[in-house]
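A, B, C, D and E label the chains in the order they appear, each numbered from 1.
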């Protein structure tokens, strides 16, 4: 063997998305110290939360560092430029922490025309999709007694457009399940006023709010909603309340906000790399940094599990086609659940490139003495993940 | 009724923009200094308040009162030793130096505070509101608007009723002749920026209480502040308020039509005003 | 020792040299006129004296102190005030504010106060609240003079105070000069109106192309001398 | 035929009326002198004729075209050339380049077509030795010459000279007069503002006296100069 | 006049010894750069692509601000419009990306017309802010164009990038993979664009319009009086630089193959960095941006892995250079040595002036 296998890793370590990467160093250390980790050299690049920069560093990793495989995490703004580059360069790439639709459709020439969509040959993605989040959100809402009137906060960005997409997004599914959706339209990120949305929601008697705003926008919306006397029974929000700090920013008004949960210390999975349980991994992070666990930890870890597993199954790590084939053939029990590109739960066009991981729903609950805990309240699509309580109305 | 609400919310939003813009207006009006770091200075002040709140356990308003003199000093030093050296007929030096400052400041804050979004603890005030007829008017936005008006009245008093204000106007008109009067333009400019930093502190307080902030949000707010100043006309503080309100109301009306047009509507209003009145609504007679 | 004195004064605008070794002197209580064609360097000389342009410290001495290197805001408190060419009132300030700004940040004792200046130019009292630039040229000139006097200077520099003014107005303005002299100030007046200059001055310097070409008392200078020095050509 | 005519032209700066209802005509090929005390509005009148300022009222016609609102640049194409009282060289260009700009743009010709002509004008105005020096470093005298040279380079039909002789020595003045005469001899109409009377009167055929923005006399130089009010106003020294 | 031109006594030269050497050097350098793909790896080619495209952006901003006095902070408008037009051509009209680059230039040129119409009403700082707002407006408008991905952005179809003009031929000739061939193709285009930009700007400056630009910068009032059409110069400079910036934008995004409004209209990437490049190198010279872009590249190569500290340092360097060497590194060099590689000065000699 001798020469180490070269992995490139791109993530947003600085800039507005940096919270996604706060556990990177911890995970990387863990990987380096693991048994198989010794066979790898990981070259880490910072996208600076900038899509232009992400594409540039991907190019550098491929061309200058001659990596054997690319790993990339966190939001379509990072995963998409990197994956596009890898695909063009024919370098195997595994990505995660972006719903698969914005990842897959977002890289198609004309996202509006499904007939033109093409599969990827070197790029693979594991995460959940909008259908999962829709399932989780509606399951949570169904636990409550509501008028089934939903208000949408979809920004004009990769996530918002995917969530609000009339074909693959929320609208058709909600309609099927008897929900009415009030979607005033795609606003720009960093909007300072949401009175238009609030008025629209009030008019439609909205009792459930959903959406995928960035944290500052959700705070603005939520504060303004309270001021305007608009208090829905449920607010299931993606992205904005992913991190505990963001919920804490809402003061006491974050209580019982709900969100998707992709990974938590109570997920009953173990690392294929170290054997650690989810709780061990989260606890280790908190011990090492003094910070509360966050969801990306598991997925970033799983990314390296994937790398180790895939490379263990190829003879020549420099043979891109063989590596790509090995990725496609993955059957890995990882810390975020089973990862296999078998097309389960996916439409045909994405079947080859996407593997889905389980998703459950949680609510942030105010902790005595300050701070919030994320409590899993719905596991209908992944019953093996235990719940910690039932869905509660926002008072 | 929705339209009334839309306009009212827009006016209140305009108050926030005017508050962001008032300090800029002061500096721009007196020195023609385009300070691209203004938004980042607001963010910096917000962090300063946050530190005081978390470390000393002060309530936000008190923390802002403590932060104000610190910001005043920072403003004075910044102007005296850095920005004064860039003033002149060429607009590039101030543009580039404040651009550099903006980038440096953002990244220093990022290094110090991480990219996590933060907010000042506000308690009940942030969500309480007054009910007037069918309208709900948030207490915090109202307070913001009232503060904007108070700041503008205060600055106008300072400008037109004190000898310092006289010196501001004289130096702004003609620094060379002002120096013949024994006025030190360098000091006057430093004082102006220092005062602008007091307003910045107030803006930071409301920014931090209203919603999240992180080290990178400065530039997005800067553009509205500039628009308010320019729409209002160079050196007119009431004009700045009017400018802020125009941007705010355009945004809410645009959003009421379709949220897609919200921010665009503000920009378009700005462009339209400039198309009709290239020097803003209330330009100074002589310039 | 002269009150104000220059030795070998030079001045540059970028690459362009505007003054070449100018030596002038002003005694206590004296009024000196400086005449010369357009572009001779008179204003440049005034700007150097007042600190708007900086020179080597020793080139200018006020009461024996080297002030050539000081900037205007530091020269002014030492007792040297200037009425600049073109009046240069502050358009954003009212008449009274324009006058008040003359004492900015300092308490000065002496003959000149807002009241004595209004006595000197009564019309200004009436117009005290108008913007400075809404006045006629002559009235503006009065404000400019008043503004400089407010600091009760030892030396008052006046650059072309009659420029662009009607003769009757010029008369009014020059009527104030003796009162200023009485108050104890020494004066340097730059004047292109040679007749006017001769009337008020104890001594006259004539400049051409950045150099002093002639010096004397009004009664000793012949018209030809002046014409020669003034235009560089004999009449 | 008059090449230039002004009818009831007025211009104010704020409350100060600097050009007050001025009307006069200049026949083609004439040399007209303008005198008047400082601040009388002479330079302002030039600025109105060249388009650097726009008149508040009245009409200005050049070669039978109404040019009152025509921009300066187009008046230059039409044949109005000028010097500035306070020299306005292009500081970062060399003297030669100053002329090249004027010649190539003012006449809408290619540079190589005017190079030789520019060199000739430099010779004529004795600026050849400093041809390759940046204009920002010239002495006052050289700047004045450059003003003249640059105006000539545009090949004007009407040449406006603003205090071009101030501060010259006898010999220099004679050389200048020669130059102006030779330009005049080529048929160029000249309007010349000057305080140096003897220089002016040795060239001009007609004299205009301006005071407080008003024309107080126009006509034969000898005749004008002998009028008492002119003597009083202009040569204040004699009062 | 005519007799002089038949017996030329005077000679006008613009060349200097340094410039002759530089010109020869430039030709050799150009040829070497053309040959680079034959011997160098892709890393170098990609780095050179970055340098060349940033150089083009910098030269055009320099033309605008340094020569035309139009300090714009909205150049990202033209990068973005150029790039989006190229994407539109490929995705919506089925064009090949290479000819679509031209479409990018044309689109930027076209949007520059109304932009200029508006922005020229504004002066100094108002102009700067106005251009920035216009660029924001374009970003927001492009974010509404759903066919090009709206706010999400979009990628060039795989088929379009694979079958791009001449890639197959390059791949065959140099025996490289398709992706490398694409790099080489875009690199050659960038080289061509950069060379044409520098040559074009140099040509412009040596033409009578170049003189006019300097004249307007020195003294607009006097310039008008000698027949210089200052307004037309502004239009010329603005539209030219919009066209060139649009071309560069389209080319950059052919290489990136992925676009989103935030990336394509990024004020930091396409204006702030360009500003730094020009200022650090030396504004108002052709040499400045060349030096600036090299310094910028080296800084980035050395420091980019330090994330925030890199940007922090960049900000501080910008401030320091502006305050202590406002004419940039090239300004320091040419002050010391008097060297000008791209002289525009017309020297008169011969006649009674002597010396050639």
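Keep in mind that, in the parts below, contacts are C-beta pairs under 8 Å (C-beta built on N, C-alpha and C of every residue); 3 or more make two chains touch, one makes a residue touch a chain.
Fair warning: this is a prediction, and the values are worked out from it, not measured in the lab.
Within the contact network of the assembly, the step distance from chain A to chain D comes to 2. Common neighbours of chain A and chain C, listed by label, are B. For chain E, the chain whose average C-alpha position is most distant is C.
Note: centroid distance chain C to chain D, computed from Cα atoms, is 31 Å. Distance from the chain B centre to the chain C centre is 43 Å, each centre being the mean of its Cα atoms. Here the spacing of chain C and chain E, counted between their Cα centres, is 52 Å.
The set of chain D residues that touch two or more partner chains comprises 91. Chain B has residues 107, 110, 260, 263-264 in contact with two or more other chains.
For chain A, the set of residues that touch two or more other chains comprises 14, 156, 186, 188.
Chains touching one another, given as pairs, are A-B, A-E, B-C, B-E, C-D, D-E.
Residues 163, 166-167, 169-170, 172-174, 176-185, 235, 284-286 of chain B touch chain C in their complex. The touching residues of chain D, when paired with chain E in their complex, are 50-52, 71-73, 76-77, 81-82, 84, 88-94, 96-98, 100-102, 104-108, 110-112, 115-120, 122-123, 128-129, 131-132, 150-151, 153-154. The part of chain C that touches chain D in the complex is made up of residues 14-18, 37-40, 133-137, 160, 163-166, 192-196, 198, 208-210, 223, 226, 231-235.
Looking at the complex, you find that chain C touches chain B at residues 50-52, 71-73, 76-77, 81-82, 84, 88, 90-93, 97, 100-102, 104-106, 131, 133, 147-148, 151. Residue ranges of chain A in contact with chain E, taken from their complex: 13-14, 45-46, 48, 50-52, 55-56, 59-60, 63-64, 76-77, 80-81, 84-85, 87-90, 102, 106-112, 116, 118, 155-158, 160-162, 186, 188.
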